[in-house]
Amino acid sequence: MVEALGNPLNLIIVALGVGFLLPLIERSSPALSRGLFNLTIIYQAVLPLLWLLWLVNGAAAQQIQTAGIAPPFSINLRLGLEEAFFVAGVNLASLLGAWYLGGLLRGRAAAMSVFLILSMGVDGMIMTRDLFNLFIFIEITAIATYGLLSLERNAATLTAGFKYIIATSLASTFFLLGVMLFYYLTGTLNIDGMREQIAQVQGPLGMVAMSLLVAGVVIELKPYPANGWGLDVYESAPTGIAAMVSVGVSAGALFALYKILPLIEPFLPALVVVAGTTFLASNIIGLKQNKVRRLLGYSSIAQVSLLALAMVLLTQLHREDAMPLVIGGLFLNHLLAKAGLFWLSGALQRNAVEDWRGLRANPLLLAILGLLLAALAGLPPFPGFWAKWELVMQLSAGGMVSWVALILVGSLLEAVYLFRWFGRAMSPGVQLTPAPAVAQLLPIVLAVLGLLAAGHYAADSLGLDTLWVLLPAYAGIALVSIDGLPTRPKGLITLAIVAYYAYRVVPVLEGLTGLFGLMLLGGGLLMTAAGLYRGDTRRGYYALLTMLLLSFGGLLQADTSLEFFLAWEFLTVSSYLLLCMGRDAAPYTLAYLIFSLAAAFLLLAGFGLAYAETQSIALADLANVKDGAAAVLGLLLLGFLTKAGALGVHVWLPGAYAEADDDFSAMLAAVLGKAAVFGLFLSVISLGLKGGGSDVVMYLLSWIGLLTAFFGALMAIFQEDLKKMLAYSSMGQVGYMVAALATGSHLGWVAAGYLAVNHLLFKGLLFLVAAGIILRVGQREMYKMGGLIHNMPVSFFGMLIAIIALSGVPPLTGFGGKWLMLNALLEKGWYWQTGLAFFASAVAFLYLFRMIHTVFLGQRKRIHKDLRDAPLALLIPQLLLVFVILALSVQPNWLVNPIAAIMASHLPQTLVMHGSLMQSGLGYWDGFLVINVVGAVFMVPLLMLLVLSRFMRVQRVKQFNIVFAAERPESPETTHYAYDFYSFYDRALGFLVLPRATAFWNGVAEWSHSMGTGLRIFYTGNGQTYALYILLYVVTLYFAVGGPS
Amino acid sequence: MDTQKYALGPLLNEGLSAEDRDLFSDARPVPYEPYPVAVVEKFVNWVRANSLWLLAFGTGCGAVELNPLMTARFDAYRMGVQMRPTPRQSSVFIIGGYASVKTLKRIIRSYEQMQGPKFVVCLGICPINGGMYWDSYNTVNKFDEYLPVDLYITGCMPRPEVLMAGVLELKKKIMEGRADGANRYVENFDWYKANQKRVIKDWNMPDYNW
Amino acid sequence: MAKRLLIVLALFLLAMMFWEVAANYTERTALTPIATHYVAQGPDEVGAPNLVTAVVVTYRGLDTLGEVTVLFLSAVAVGLLLTMGGLDQKAEPPTPASEIVETAVQYLFPIVLLFGAYIFVNGHLSPGGGFQGGAVIASATLLLFLALPRSKLRHALLIITESLSGFGYVLVGVLGLVLAGGFLDNRVLPLGDYGRLFSAGAIPVIYTFIGLKVGAELSAVLERFKGEAS
Amino acid sequence: MIELPLSTITLGTGFGLLLIGLWGMLVRKNIIRMVIGFSLIDTGIHMIMVSLGYIRGGTAPIIDAAVDRATALTAVVDPVPSALVLTAIVIGLGITAVMLAYAVQIHTHKKTLSIDDCTDSKW
Amino acid sequence: MQDWPVRIGYFLINLTIVGLYGMLLSGIVARTLAKVQGRIGIPVYQPFIDLLKNLGKRTAVSHGAMFYLGPVFRLAGGIGTLAFVPVLYGSEMFSNFNSAGDLLLAMYFMFFGQLGMAIGAGESGHPFSAIGVARGLGQMTAYEVPFALAIIAIVVQYGSLSINDIVAAQQGGILNWTLFTNPLAVIAAMIAFLGMTGYSPFDVTMAPNEIPIGPPTEYHSSYLAMMTMNRAVFAGAKLILFMDLFFGGATNLVELVIKTWAIYMVAVVVGAAFPRFRVDQSIRFFLRYPTLIGIAAIGYTQAVLLP
């Protein structure tokens, strides 16, 4: 009995039997029919899952014959691992879909049986090994879909349905013709039989046969531009049905393609082009889309064509062994995420993207949406991430670089429109609809859980220490579950977790990673602690923060590029979401994400190229790349530079740094930016010293670095917004590090390390001071402040120390960085760059003075009379940073010696230390002596003034007691010189900082959008035109591949 | 000198609106005493006399006579005289002729912003008795009712040569330690202030412009 | 106009493809190995003289089950589509047919039904089968509707027939799985004497189910289109 | 004059029907006519299918009095395409029925049968 | 190396010499200018009198702690700069604390006083102070470019950042001076020097007629006296630096006086002859020809001097 229940044929038998009976039972007992339906659909889902389990555990693939007669004389089916996987996936989706559709199906036995048979049809498409039988199942699926489409009866659905019928029936007609020609040529209908007889499929008939067969299947996959009909259905069908079409039917068609691949060898290149074009075109057109369902349609088509592309390319490369992960991962990802999103859009009854505003009021829904979108965009820990990774590695190894590029560009575009949607959901707005019923949400939640589980499994299959590498995600999830706690305890919990983690991790790290471990985790902890000043509700903030901080650990501990990339993506995701929490961050988050993802994809491409050459993903083996060293280095550097905000790709930076929560800005600028620097270090250490092309790359890098430094500083001086100024300043500071790294000398790398540590200290300090100011003043526009030194003396002191350290004026730490860097540049012989560095560091004075003056000095506004200093929670970390800066100023060797030792393990040491005296090839610097001399020298005039004050009555006066050309000042606002502070500089050099990069990227965006407009011109909405496209597609395929003999 | 005498508590600054009072100091000016060592005081007086920084504020028609003073013909620089654009750094205030009520207000403000020791020199007849403006509704007649004057240079208008003579006279006075107008102003502060307020109707300044 | 040109071009190119096929097509002179198996072994394995039936019902039984499913689905789909507000109900009432026609139909109707039954019952012996028989039965319904536009079918009966015969078909298939070689094996019943009505195992049974089901479904479809279905 | 084989003629006819049907589907604006076009395509396909299974000089694959089992191997046509056609016909019928039902509903909702007016969703 | 007290003592001697010399220099300059204008001019000791006068002021106001400390920073910056520059070549007594760092240290420490002063002036709340500082800093970024390029050129030329090494390389004859070996660099640096001294046409910071008188507008009394002292010390330090880098340094005080006086007179003469630039004009001026000359200097050094 048990055995009978486990028969895979039951998938067909039970569905059909029940399907036929349902209308009858409905007449006598609706409840019974409903129960039977539920039972069946559960059975349908459980059975393949069990089989999947058995097959994974070593059971043999099932060959199922019918009619008691052996194939090829009868029809046979197969349930191997891949079939079981697809069937299980589809049936799971239909189970959840049925659950979701509950209301629509209730009381409609006919609809229920159609639904059952639809998923049965897809199962059949997947399992059958007979070509004509495949046709039958295609038709079953098609007609079942036609039937279900009619559940929602309005003009749009009906006309879309009709177009769908025309298209699919034409496709199946061609398919049938192809099948018959194949039969004529090979004398069999059995696919395995045909493979044996494939030699017969040649000549003019063979060519026609193949092209018809391919066309039939490919059109089912909705290739661009012959896919308008599919999109119309996605847009207008009931969401549950659209989900089934997107997920189930496409899965069947995809598997059909998989089955016939061996039969159509000559068409593989054409298929690649078709799939690639469709993937790219759909994603470009998706950019223009503002209706969610059609958007999901474009995404569906793109994902399915990506699957097809991967499948065909891997077949071409004969890397079938990679298919389970790539195809399986991508498929599951698409299946659950896409279905989930369709359901969500249905459950919320919102179609226009604009209508999703205000969803952030409901964190659960927002979380679901975010997770599903993240999955769809291929972010970890979801299966799509692993699949894409593996795909890129395999393709790179196979030399298919251009396809890698296409896939990455397409994925990026997809992320753009998906996260634009998320951005809308994060924007403030009115909650339009009441929250949907739990019953409708549960399947979606289950889909999310399924995705997470699948991601975990996929990571397992790559042989990773899954729990450990996915720790950030799990920790995040765990903390979400205690999100109900008050804010500060959550912060303390985060601190405790991360501190323990750091305690475990940091001591293990050595060398460079140790240094960055201290910076990232230590700095992270400090900024987290500073964040405790906020007691307001911050939903999900600490969960994401934990994720962010733990991924620093992942980044540092990564031994392979996979682990590194994983941690990197975790960083991207968590920082993006944290950024989204900023009150007015919505307009800037998308740019942040796009550039972050672009950076990640550049890294991915770089790692792929490296893998292609070394066949290893170990980070240590990066150094073994020889021929492609320059290319790999270039890609990696581009990626990291994008994330670091180098000139040209900096456009995301000011908005992101400025609009994030104030404490998170500090984290972003001071700590997270160092992750990019760490990446730069890694790539330069591994690949920067290879000579040849690498030297060119490094030379370019030095210019990029210094131009970034210069323009960062120059743009900073024109900012009115405190945090924007700091943001540009950060950009400029990172530029110095980049330039120092580019020298490729011991001195330069010491300089880079030193600058990085310093930047962490003073930029963290500045952002924390800014947080305190903004908290008290409630403003970011600096000219609306002024004279706050009297209210916030400690904050002033912090900023003073920070700006002296930043400016590079001795005796504080900043000078060490400048000295090391300039020495390194001069030693390298990069004189022009050195000149630019001087200029940039001089320009930095301008914004530094402007910042401290407009905020703390000058005239205090009347409304700020009673402001208090920042809360202690903010001041303590500030004072700590001040202390560290001062300590390192007194003894720069405490910092330089370890860094020099670390770098000496990579390069011959050129920085020589004699006690506190440092010597480069050109100059020398004794930091300890300098600060002592300066200290002593400072005492002389101080004492003098104190003495003089004894003979001079010094009257402390107030802010309006100034010489004002014999008049009295009327108001602090008009007396405070702050707005457009450097207007003369603007007149002199303002032409340099016209927003060219922004204009360029806007142009790119606009260009992509108009490409979208251009590409979607094919979608006329007319069914007949679509039919014509299909016809043209068929003949084009034929003539493109072979044509008449 | 008895400091108690001047510790009469903060100024009331009644001319200011309540919110402006926070923005201006309400401290009372205090007179300074000579250095305890007489030699030092004498030396410092000599230094003061030889470094006369004029406030570049032409308050009336006489200002036109100040400019030739610095040119090649008269070259007051050689006597240690130079113009300073800010009252904070000046030590000599030359009232250039008649003082209209409107200007008087600015003169007072500028004078109070100068750091002591500071000296006032009146130029021409008008600050003495009003001169040709003696019955004008908007010109003060006896300037020393409003600010302490250390030296008068009479004439209408006095030529630069006379001005230079006046400078020499002022030097002499300073060296002798008799140019104590600043302390007189502080010691009789309430009387001066009352006089000032009597003529200046729109008193929207603090009582003492630090 | 451009579109028209494009259509002509597309069809021309398609015609070129077809021309390739037609020009290079050679008529077969011998059966394929599989067909040879069917012809040589079919009568023994399946016991049906009509080899097409043997192929349809047994060798490619799964296709046929699928085919039945397709028909079922289309009936359901038509039902779903036309349940509410089918054809315009406000159309002019059809002119009644003449008495001769009405009378003739009353006589012809059962005969046509019977003929249909004959066709599906004999499907394994002579040309014909479940689908053909079912179609004939449906044609009887069509005749009825044409002659007597106001006539109604008994809906319950249709559904019961449809469901039970479909289920019966699946059941026979499962019996094949349990009792004989595999799903849809017709040898659950003895093959019997070659060429007899009660032979070829379960084929006549299956064809009966199919015939009933197809007849019922097509009738139902016709009724839906007629537009007066409840 | 070369004598055309029988099946070539039916094959050609089938292709012809297919092309005519396609013309109908692509050019005719009326949905009903498009459905008719589809039926023609279907019929064409069926003819092609049968033609491809034809064996020169073969007869119907029914082994009874007319064809004895001994000679059957050379006397009958391939039964498989016939069987497949049977299936294909039914499927075509099913699709046609659904198309017509859609046509009915579209007419009900839009009061038109012109395919050019069915552009409710576009991009 | 001597003991600390000795070094400090030497430094104090240096400081006094340079300070007095700086004060005297400003008197000389004023007197020279007066002669140009056909006047008798001040006595050369007038700056000392003015300084003492300001020290002898008896009242002062303070706008806050930073205002109070501003002149301290300023003077410390001047003294510190001097501390990091060797006054006479080859003399231990006059080498100051040059061992603490090289040319870069001196260059960057110059900003110390300016920054502190700017913050102090900012606290005064006077808009003219802020405007003056903004202008000063803006112009500073501009003249810093030709100056830096010139410095780079001579660092390339002499292969060292150490001031002592650079001076050493120029010993042995007038033709070894940078002035003659690398004239382009010297031209660039001297134009930058004009900006640094703040005489016209680059006196945008003080600009007595429009923003009287820029950053120190609120400073007076002893504050002003300390700033005057700084002007002397700082100018001295800068002149010595320029002399060391471009004019062969000095081995004795007479040489020092002659050379620095000559360098200073360049600025004075130019200042006497030109009217003031607008700020943006000044910035653009420095970034045009002087910068080009500086670039050419590096190119010349690399192409002609190094091989």
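Points to keep in mind about this one:
Labels A, B, C, D and E are assigned to the chains in the order they are written; within every chain, residues are numbered from 1.
Keep this in mind: contacts are C-beta pairs under 8 Å (C-beta built on N, C-alpha and C of every residue); 3 or more make two chains touch, one makes a residue touch a chain.
This is a predicted model, so every value here is computed, not measured.
Following the contact convention of this document, A is the list of chains adjacent to both chain B and chain D.
In this view the innermost chain, defined by its CA centroid being closest to the centroid of all protein CA atoms, is A. Sorting all chain pairs by how many C-beta pairs they have in contact places A-E at the top. With chains reduced to the mean position of their C-alpha atoms, the one farthest from chain B is C.
In whole angstrom, the spacing between the mean C-alpha positions of chain D and chain E is 99. Averaged C-alpha coordinates put the centre of chain B at 36 Å from the centre of chain E.
Per-chain CA centroids place chain A at a distance of 50 Å from chain D. Rounded to whole angstrom units, the spacing between the C-alpha centres of chain C and chain E is 106.
Under the contact definition stated at the top, the residues of chain A that touch 2 or more other chains are 132, 136, 139, 143, 146-147, 150, 153, 181, 184, 189, 951, 953, 955-957, 959-961, 963, 1028, 1031. Residue numbers of chain B whose C-beta contacts span two or more other chains: 32, 86, 88, 210. For chain E, residues touching at least two other chains, in rising order: 57-61, 217-218, 221. Annotation, chain-chain contacts: A-B, A-C, A-D, A-E, B-E, C-D (touch as defined at the top). Remark: chain D residues 5-8, 11-12, 15, 18-19, 22-23, 26-27, 53-56, 60-64, 69, 72-74, 76, 78-80, 82-84, 86-87, 89-91, 93-95, 97-98, 100-102, 104-105, 108 touch chain C in the complex.
Those residues of chain D that touch chain A in the shared complex are 22, 25-27, 29, 31, 34, 38, 41-42, 45, 48-49, 52-53, 80-81, 84, 87-88, 91, 94-95, 98-99, 101-103, 105-106, 109-110, 115-116, 118-123. Within the complex formed with chain A, the residues of chain B that make contact are 19-20, 22-25, 27, 30, 32, 35, 57, 86-88, 106-107, 109-110, 113, 204-206, 209-210.
Of all residues in chain E, only 30, 34, 37-43, 46, 49-50, 52-54, 56-61, 208-209, 212-213, 217-221, 224 touch chain B in the complex they form. Those residues of chain E lying in contact with chain A across their complex are 8, 55, 57-66, 68-69, 71-76, 79-80, 83-84, 97, 99-105, 108-109, 111-112, 115, 118-119, 122-127, 130-131, 133-135, 137-138, 140-142, 144-145, 148-149, 152-153, 155-156, 159-162, 217-218, 221-223, 225-226, 278-281, 283-284, 287, 294-295, 298, 302.
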